[in-house]
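These notes open a run of structures that come right after.
The same chain A turns up in both complexes below, where it pairs with chain B and then with chain C.
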Partner chain A sequence: MSASQSSSFARRAAWAFVALVLAVAAVLPPFYLSGYWVRVITSLLMYGALASAINIMVGFAGYPALGNIAFFGVGAYTVAVLMVKYNVDFFVALLAAGVLAGLYAALLGRAVLRLRGAYFGIATIGINHATSEIVTNLDSLTGGGRGTIVPFYPGGIQEERMFFYFLMLGLMLLAVGTTWLISRSRLGYGLRALKADQEGASVMGVNTTRFKVIAWTVSAGLTGLVGGAYAYWLSFLEPPYVFDITMGVKTYIMAILGGAGTVVGPVLGAFTLELLSELIWGRFLEAHMLVLGIVVVLVVLFIPQGFMSLFAQLAATLKRRRTGEVRADG
Partner chain B sequence: MVAAWKRIAVLVMALALGLAAAAPVFAKEDVIRIGAAVSLTGTYAREGQLTRDGYLFWVEKVNAAGGIRVGDKRYKVELIVYDDRSDPQTSVRLTTRLITEDNVNFIFGPYSSGITNATSAIGERYRVITIATTANAPELYERGYRYLFGTLPLATTYLYPVLEMAANLPNPPKKVAIITPDNLFAIAAAEGARQYAEQLGFEVVYFARYPADTTDVSSLLAAIRDAGAEVLLCTGFLQDGMLVVRQAKELRYNPAIMGFTVAASIPDFRINLGKDAEGIMGGEWWTPQMGWFDDFFGTASQYAAEFEARFGYTPTYHAASSSIGGYLLQLAIERAGTLDTEAVRQQLLKLDEVTMFGPVSFNEKGVNVASSAAGFQIQNGEIVVLWPPRISQGSMIYPKPAW
Partner chain C sequence: MAEQRPAERPPLLVGRGVTRYFGGVAAVQDVDFEVRAGEVLGLIGPNGAGKTTLMNLISGLLPLSRGDLIFNGRSIKGLSPWDIARLGIARTFQIVKPFTGMTLRENVAMGAMFARDGKGVSAREALEVAGEVLEMVGLGHRMNAYTDELNIAMRKRLELARALALNPRLLLLDEVMAGLNLREVERLMELVRSINARGVTIIVIEHVMKAIMGISDRIVVLHYGKKIAEGTPQQVAQDERVITAYLGRRFGQGKGA
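This part shows the complex of A and B:
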């Protein structure tokens, strides 16, 4: 009894230590690294947040929301228009970006979430394209194809670096935290159930439509927030930059690579893919896409369930070995 | 269990490959380091490569001549080129890398006004001069930036020469129609043409903007024909240009003057349209046929010949403008006698040169105001420069031969 208590205390202490190390590692970069590396890590955090957001649809509900990047664009343009045309404070505009993107998904969801599998994926790509056209044609508001210039962050270079670093870090933690809450809630169980078998889940009393719409709204809201932050960070927007389907596909791959349906997997996937692509390109200027492609294919071939499955497998192996030893002793 | 370790080994190997790729670049002494993040892959790959080759041509030529004289020392030029994948976010990140990691002294701009809009904000914040050679949307230069200089005249002036030629005819046409795809650069050119046309006394009877990826403009052309426009100007790209010509022919609409921006000077336009391209006019920032000259590159046609010998293709304005960007920076550094940003900036502002690219001088906003586009007409399948009169090679066919 007391032995198991002390072991659980030791485990908790170990987790607390890991958490502390991670927290310190997360706070330090902008104080010590050059502008370039801070920017690289800030974009890692951004992709971590985006991959987490798309994971709620892809990993939990099993809906391939390839065009989720549409909400990124909606968020980005919400911030741009509110700041440029109406002089709204950035944080208020950011909040509006999240809310508007979420509402947009909630409205579309009732219709589009009737589709399943690849058909849903195709519909979201269509939504992305259509939204991009709408934004382009509202040119008195959005600047249309000419793009729009968002005001600079009103501080020095160092402060600006800090601001966007911690903003993206905060958004990523928000996305991961939301995923964690979902994974432990009735919503999470319901989503997993409908991913496995929609009719079955429905028979078992899961309100599938409601669950799917909620999941998409949350996913879109988070994506919209990140888009809003991105608009302020980049300071210049054109519709193709933020309604970029390749960016959408990239976040999708990140989520799958890290482990769809897990809490931190998508973040790992995002960090790995972005960091690799950044590092590879430094040396293979002409062939970086080729090298990166090979790396991705290798990873997918050898670790089809994503990075998180590796850790789970390892943990299981270790546990088995330990319990095996105990049994041998006994 | 074994499988798990094997998989981890693969993962570690993949990461090691990436890390090995990231070995640091060592700095050399006594060089002027210039950085360029241009599009070598993606949407703008072709234009980006033209831009890069233009930079490279200047760098090789100036190094072959012993480098740039700064005070009583000579500095070689080192060019660091990255691929921005036609993505503004990547371009911004690479520009930051060039400044904070590679410690470049100056920045050569990326391709396109849109991406330059994003990257020049970084140069401005870090106080590093950006020489933008393929970005001329007027919005770029209205932000009050101190460290951005553009070698191309503004996009708004693109069709000025066509309008000037029309206005100087003994019996000038009166009614003008202008159409443009919805794109930063094209709209600027169209708005510029509209204002200038009205200033020259034309009546603009039709002005329309259409979606950038359209495949049918026949309804626009029918409306233009019904409005009785004698001059049709279009600011789209190659595809737009060919579409307008084909559909105008189908509709039997025969304007006396048809003028294009980028489309008409691209060889594919003449090759694909054949006889239908005869008499079509255009504005062009630079062609090897223009009679400009400077001491460093020689004449425009000498530049083109040397460039072709080095890279295997005839340079376009992208390449020429980029080479000239390097040359102007060289002049400013030599006159300043230092690499100090403020001193070089002052010298750039004082420049008043005639180059193989045409005349150059910058206003306070960093815009090249000395030059404007040249006007040409396609005659017997060749580009014949007609305007300004100082470099004219022939006389204008008016009206354009009917379809």
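This part shows the complex of A and C:
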């Protein structure tokens, strides 16, 4: 009894230590690293946020929202239009980006979430394309195909670097925190149940329609926030930059790679894939996509459940070994 | 009318002219029935008689084409499955539908989380309730296992546990005993009786005749979507129409001669 108590205390202390190390590791980079690496890590954080956001749909609800990047574009253009045309403060515009992207998903959800599996995935790709066309054709508002220039960050280059680093870090933490809350709530259980079996979930009292719409709204809202931040970071927008289906598929793969349906898995997947992609990109401009493709194939073949499943297996093995030892002693 | 116990109680569920078409085919047609509070009603009939369709209509997975269903004095026609579940009607599926990727405990907790009395029950509280229910159906020792580690008998018990966690007033059991061996059937019969003894009204579909005869207070027989007989297990077993439906005309007529 007391042994288990002290071991749980030790575990808690260990977690606190890990959290501290992570916090320090998260804060330090922009103070010590070069501009290039700060930029790379900022983009890792951005992908971490996007992969977490899509995970809510893919990992929890089981809906392959391949075209979720549409909400990224909606968020980006919300910030651009509000700042350029209406002189709105960035943070107000960013909030509007999240809300608008969420509302957009809520409106579409009632109809589109009737589709299941690949059909839903294809529909979301269509939504991304259609939204991109709409934005391109709202020429007077969005600048259309010519693109639009978002106001620059007012401040020095070092200050700007810090700003976007901590902005993306904050958004990623928001996405991970939201996922954590969902995973422990009735919403999370309901989503996992309907992922396994919608009829089964519905006769257990889960309002499957409402749960799916909520999940997509949250996922889209987070994606829209990141899109808004990206617009300000990039400072020049064209529809193909932000309604980029390749980028959408990439976040999808990141979520799967890390562990769909887990809380921190998508972040691990995003960091791994984006870092890898960055390294390969620098050396082999042509072979870049090929190598990414090979990585995807290897993951599907060898760790279809993602990185987190490897940790789970490791933990189970260690536990078995430990209890085995206890039995041998007794 | 001579029977005392369940007959005097008010009906918990009443079906009036319950009908469901699939295209031009009537899977269930003009079926009137009553389930009295506290009884076990058996539902039998040859393959394709419409038993499971009737259950899908009651649990809201299929809309009625015609007729009405009144649960506890209130029409449940047109309600969604989750609304019906929260009114206190739980069910199991003939082809079990475990929530893969969740432990047994999490599977069962789903019921408690969204149940009739589930308003405000947090995930954590629901997990505790789930533990108790799993103990009750004899799966307490496998609480943290995943559903794909279970054999078929255990999966059937899990279906039952999940439905029970809803704390239902009416429990629909769709062939929970199919595919089980004799000893398992007997254990499950005992479990169903004990659930009924706690005051849960039960409708049970079963092909294992020994089981359905043993646990039902009354039996309704469906054939080609229509109700052809109703009564105590003894009455139904001797009914000529029932024997004809199951064994063919020759046996049905031979009975009287």
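As a convention for this text, the second predicted complex is superposed on the first by the 326 of 330 C-alpha atoms of A that agree within 3 Å, B and C clash if a C-alpha of one lies under 4 Å from a C-alpha of the other, contacts with A are read in each partner's own complex, and residues count from 1 in each chain.
As a convention for this text, contacts are C-beta pairs under 8 Å (C-beta built on N, C-alpha and C of every residue); 3 or more make two chains touch, one makes a residue touch a chain.
Keep in mind the model is a prediction, meaning the values are calculated, not measured.
Judged by the touch definition given at the top, the superposed model places A:L275 against chain B, while chain C stays out of reach. By the touch criterion defined above, A:S7 reaches neither chain B nor chain C.
Taking chain A as the reference, the larger set of touched residues comes from B, when chain B and chain C are compared. Once the two complexes are laid over each other on the shared chain, residue contacts for A:F302 go to chain B alone; chain C is not touched. Touch criterion not met for A:T323: it reaches neither chain B nor chain C.
Judged by the touch definition given at the top, the superposed model places A:L310 against chain B, while chain C stays out of reach.
In the superposed model, A:Q158 lies in contact with neither chain B nor chain C. Chain contact summary for the complex, chain A toward chain B: residues 34-37, 39-40, 43, 133, 136-137, 139, 144-147, 149, 152, 157, 160, 230, 234-236, 238, 241, 244, 272, 275-276, 279-286, 288-289, 291, 295, 298-299, 302-303, 307, 310, 313-314, 317.
Chain contact summary for the complex, chain C toward chain A: residues 59-61, 80-82, 84-86, 90-91, 93, 97-102, 106, 109-111, 113-115, 118, 122-123, 126, 162, 166.
For chain B in complex with chain A, the residues that touch the partner chain are 1, 3-4, 6-8, 10-11, 14-15, 17-23, 40-41, 81-83, 87-89, 92-93, 96-97, 99-101, 114, 117-118, 121, 125-126, 137, 139, 143, 181-184, 187-188, 211-212. Residue ranges of chain A in contact with chain C, taken from their complex: 184-186, 188-190, 192-193, 195-197, 199-209, 261.
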